[in-house]
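Listed next: structures, encoded as structure tokens.
One chain, chain A, appears in both complexes that follow, with chain B as partner in the first and chain C in the second.
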Partner chain A sequence: MVAEHTVKAFDEDITRLRGLIGEMGGLAEVAIGEAMDALVKGSDALAQAVIARDKRIDALEQDIDQLTVRIIALRAPMADDLREVIASLKIAGMVERVGDYAKNIAKRSGGIKERAQFEPLTLLPAMAEIASGMIHDVLTAYAARDAQAAMAVIECDAKVDAFYDSVFRNLVSHMMENPSTISSAAELLFVARSLERIGDHATNIAEMVYFAATGEYLGDRKDA
Partner chain B sequence: MALTVAGLVMGGISLPAVALTGGIWLISLWFEWLRPPPPEQPIHIAEKPDLDAVARAAMQAAIEPVGVPLMLTDSARIFAANSAARLALGAHVTGQDARVALRHPDAVRLLDMAEGGTLTLRGLTGTRTLWQMTREALPGEAGAGLWLIELRDRTAEADMGRAHTDFVANASHELRTPLSSVIGYVETLAENPGGYDAATMARFLGTVLREARRMDSLVSDLMSLSQLEAEKHDAPTGHVDLAAVAARVAGEFAHERRVKFERPDAVIAVAGDTRQLEQLVRNLVDNALKYADGEKPVTVTVALRTGGRNAVLAVADQGPGIAPEHLPHLTRRFYRTDPGRSRAAGGTGLGLAIVKHIVERHRGTLDIASTLGEGTTVTVTLPLIAGEL
Partner chain C sequence: MVAEHTVKAFDEDITRLRGLIGEMGGLAEVAIGEAMDALVKGSDALAQAVIARDKRIDALEQDIDQLTVRIIALRAPMADDLREVIASLKIAGMVERVGDYAKNIAKRSGGIKERAQFEPLTLLPAMAEIASGMIHDVLTAYAARDAQAAMAVIECDAKVDAFYDSVFRNLVSHMMENPSTISSAAELLFVARSLERIGDHATNIAEMVYFAATGEYLGDRKDA
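Let's turn to the complex of A and B:
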């Protein structure tokens, strides 16, 4: 059993805050998957659903902002409680960005022409799977307050970066060989970029989880 | 005092003895003085037993041994989660807001509902997982405000459904590949009525014929597979001499000069279907020949398992072997360790799937042992007909 806080009201606030982060993270994770589905299948309805759902993520971020301000103002948390609240505030901002990237991917799905013959489209789902897996794992690390799991997520980012490099090269050579597909391929470049940024944000969230759990900042990574 | 001592000394008791006794008496006093005071008894105030906590602990104990993930929540918090739930979602779920543990938007929707319900969650614990979540209010007054959440893993069932569609897709793909070749070559021939020189014509027609035959063998494999599926529950009834069947099939491959056949003198009678057992041996020998190096021999052995009541058929090659990670998947339809090579060799991708089905129908076991660089041995064990030995 997790030890409950002595001040019950504070404990309830923290639990609610964590619940909101969890809900927001779940929405962002699903948004990535559905945006990629919309992109690959060319489903406009699915893309619209992702775009509409992003509003809920934004609303949740606002709720979290208000709740953290209220907690700090009313309960004046100290030490690990303060870290938890600050980390949650920052994590909410990052998850909101992840949701935006997913929305961005969904918006671009309309710009791909002649999907069936467009071979570079098959490269991206695997990259999206790693990126959304990172978001899933980092949220689990947040839920478990597990610094080690957060470190494992950070190590994963190299994979996404490597994927981005290879997708980039692949798309550029595809554009040179098939100039007629340049506009579609350019859209995919932006999608790959968004996925890469999602990986970076997962890393940043992992750093905050690490900070909240241990009180230490992870040093800036060289390749950040 | 001095007098007494003097008297005692006079009386023959030595002074050192008196001094010693006195000393011991003093030391004993000193010990009594220094003995630590007894610890204060803690004051017991009869605590009121926390009925809520007791009840919750009892609920935790009640759900713990259940095999499917179960969680109990009050207004928002999970206060009890059984071992299956901790395994699926992580050990941290107890004491957390249920939304932190589940996170999936649909799950959150269900948590927010005033009434319980059931829904399916895709990707709850990782991509491609499928869970069915049920939320139910605990009955009675004592259960007011408490909810039971049950998760059921439907991933395997979804996989089976997907396996079926995958099979249809794979089969169509495998049929279309040779068909595109045939169409391409025939179109080329039709577009040039003047004709080509004899060598080109022969090459084109040879390709068309080869691809058509490949489709033919694929279709017959698909048909035997579907027939096997249809009758997989009926055990075969015929009496078959496994050694004779293997000898006959090995004879078919005699022109290869690489197949060595070893058999015992006795008749090895198994309950079986001659045609299917022939196909089993043929598929195994064919695989061994196809994938092993050109000159290496293939050994077919039929034997009685010593002391057992089983017949053993083993087909061993000295080929490149199969990497361990492929072994569990070899009997899957259209599974290929190296797609390019086995298509070039003319395989349909169904050979071992058919073998597996035949073995299963004959109530036998199939074992594939392989060492990279040394070769592969496929062993089929079939039960003997009782009383035949």
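Let's turn to the complex of A and C:
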């Protein structure tokens, strides 16, 4: 029989764990938005701020790793509770990658010249908004333990992939027509790719939320 | 007091966990090598085989997730043992990503024409060999719980990064001089990027091996 105070302590721990993941997710969303701002406006100061703040996301992941170890060691959670702790640990790793992709976009920003020429600079912010919205929605689903909401996020990924294909084709044509802008266009290709990967990571997180809530795996992992 | 049979059962479980991660790592190494072969030779059959076999890596990650949950639930490992189980769970997620990057390289292979023209097609296999060697060495360090060997792997990442910079510059020049090959060159940019990311993941795994062995974090996470 588990004592009342252990159950209460576990609930407090898991609330703290969810809070830390929510905080990481919030920082990652802000990072995506500001990295895109830096990219579109060509603001080096904004790009540097995004890069510097990524350390906070990395530190949160380490806090989560350590809290997870402590929860398991002290509370010995069983069944659903243990599954949730393990899923949270994996989700924290995925959110950390999302932060890295945002940082990457910020890094690319400095390498882009001839901004006015690039049509993708109007497409990419729309793509970023969908990808960032997926991260927001999937972490809301995580907080609510809502497997259905997590599955709805996965459906959005097709929109991000369609944007990616369109931006890719657009950039390759642009390169062919304007060889002098190839270096900038190559940077934008990587930005598009980073956003596409953020969508993939939202999908991976959704699968983990589904696993935590139901104990079942949602088919195969999203292709990278 | 922990009963003798529990300790023995835990040792068997952890041996099984290490075996599964070793198996994943072996498959990921083979996938990198064969994806590069497919790329250099333009073999669609080989590329398809790499893509199909990635499912096995994904399935192993799920096996590891479930085994981890079972170990924690049944054996209630403490301190170093718990840290090792948690680190193994995170490492499995990282090896799965390495498999995804190899699959990605295989997918790009089909989009490359004019193979003979590209100097990077001679540089990329050498880069892949270093990246793949890092994965091999870091998983050997994991199996041996060897924090020093893990740190040695991290030092190799500078070589992979240097290759990446060189290939990137080479491809951008190639695009400028041969606009008709831009589409193939863009695919090769992503191949170089995937290999660079495999090096980053080897570094991340090394940091986890270090954490598992020592309980300390090795400074900041490698930049994405």
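Side notes on the structure shown:
Please note the rule applied: the second predicted complex is superposed on the first by the 213 of 224 C-alpha atoms of A that agree within 3 Å, B and C clash if a C-alpha of one lies under 4 Å from a C-alpha of the other, contacts with A are read in each partner's own complex, and residues count from 1 in each chain.
Assume contacts are C-beta pairs under 8 Å (C-beta built on N, C-alpha and C of every residue); 3 or more make two chains touch, one makes a residue touch a chain.
Quick caveat: nothing in here was measured; it's all calculated off a predicted structure.
In the superposed model, A:R18 lies in contact with chain B only, and not with chain C.
Of the two partner chains placed around the shared chain by superposition, chain B is the only one that A:S132 touches, whereas chain C remains out of contact. In the superposed model, A:G111 lies in contact with neither chain B nor chain C.
When the two structures are aligned on the shared chain, A:G42 is found in touch with neither chain B nor chain C. Annotation for chain A, partner touching more residues between chain B and chain C: C. When the two structures are aligned on the shared chain, A:L89 is found in touch with chain C, with no touch to chain B. Looking at the shared chain after the overlay, A:A144 reaches chain B, while chain C stays out of its contact range. Every residue of chain B that touches chain A in the complex is listed here, in rising order: 76-77, 90-105, 107-108, 123, 126-127.
Residues of chain A that touch chain B in their complex: 1-2, 4, 15-16, 18-23, 25-27, 29-30, 33, 53, 129, 132-133, 136, 139-140, 142-146. By the touch criterion stated above, chain C contacts chain A in their complex at residues 55, 58, 61-62, 65, 68-69, 72-73, 76, 78-79, 82-83, 86, 89-90, 93, 96-97, 100-101, 103-104, 168, 171-172, 175-176, 179-180, 182-183, 186, 189-190, 193, 217, 220-221, 223-224.
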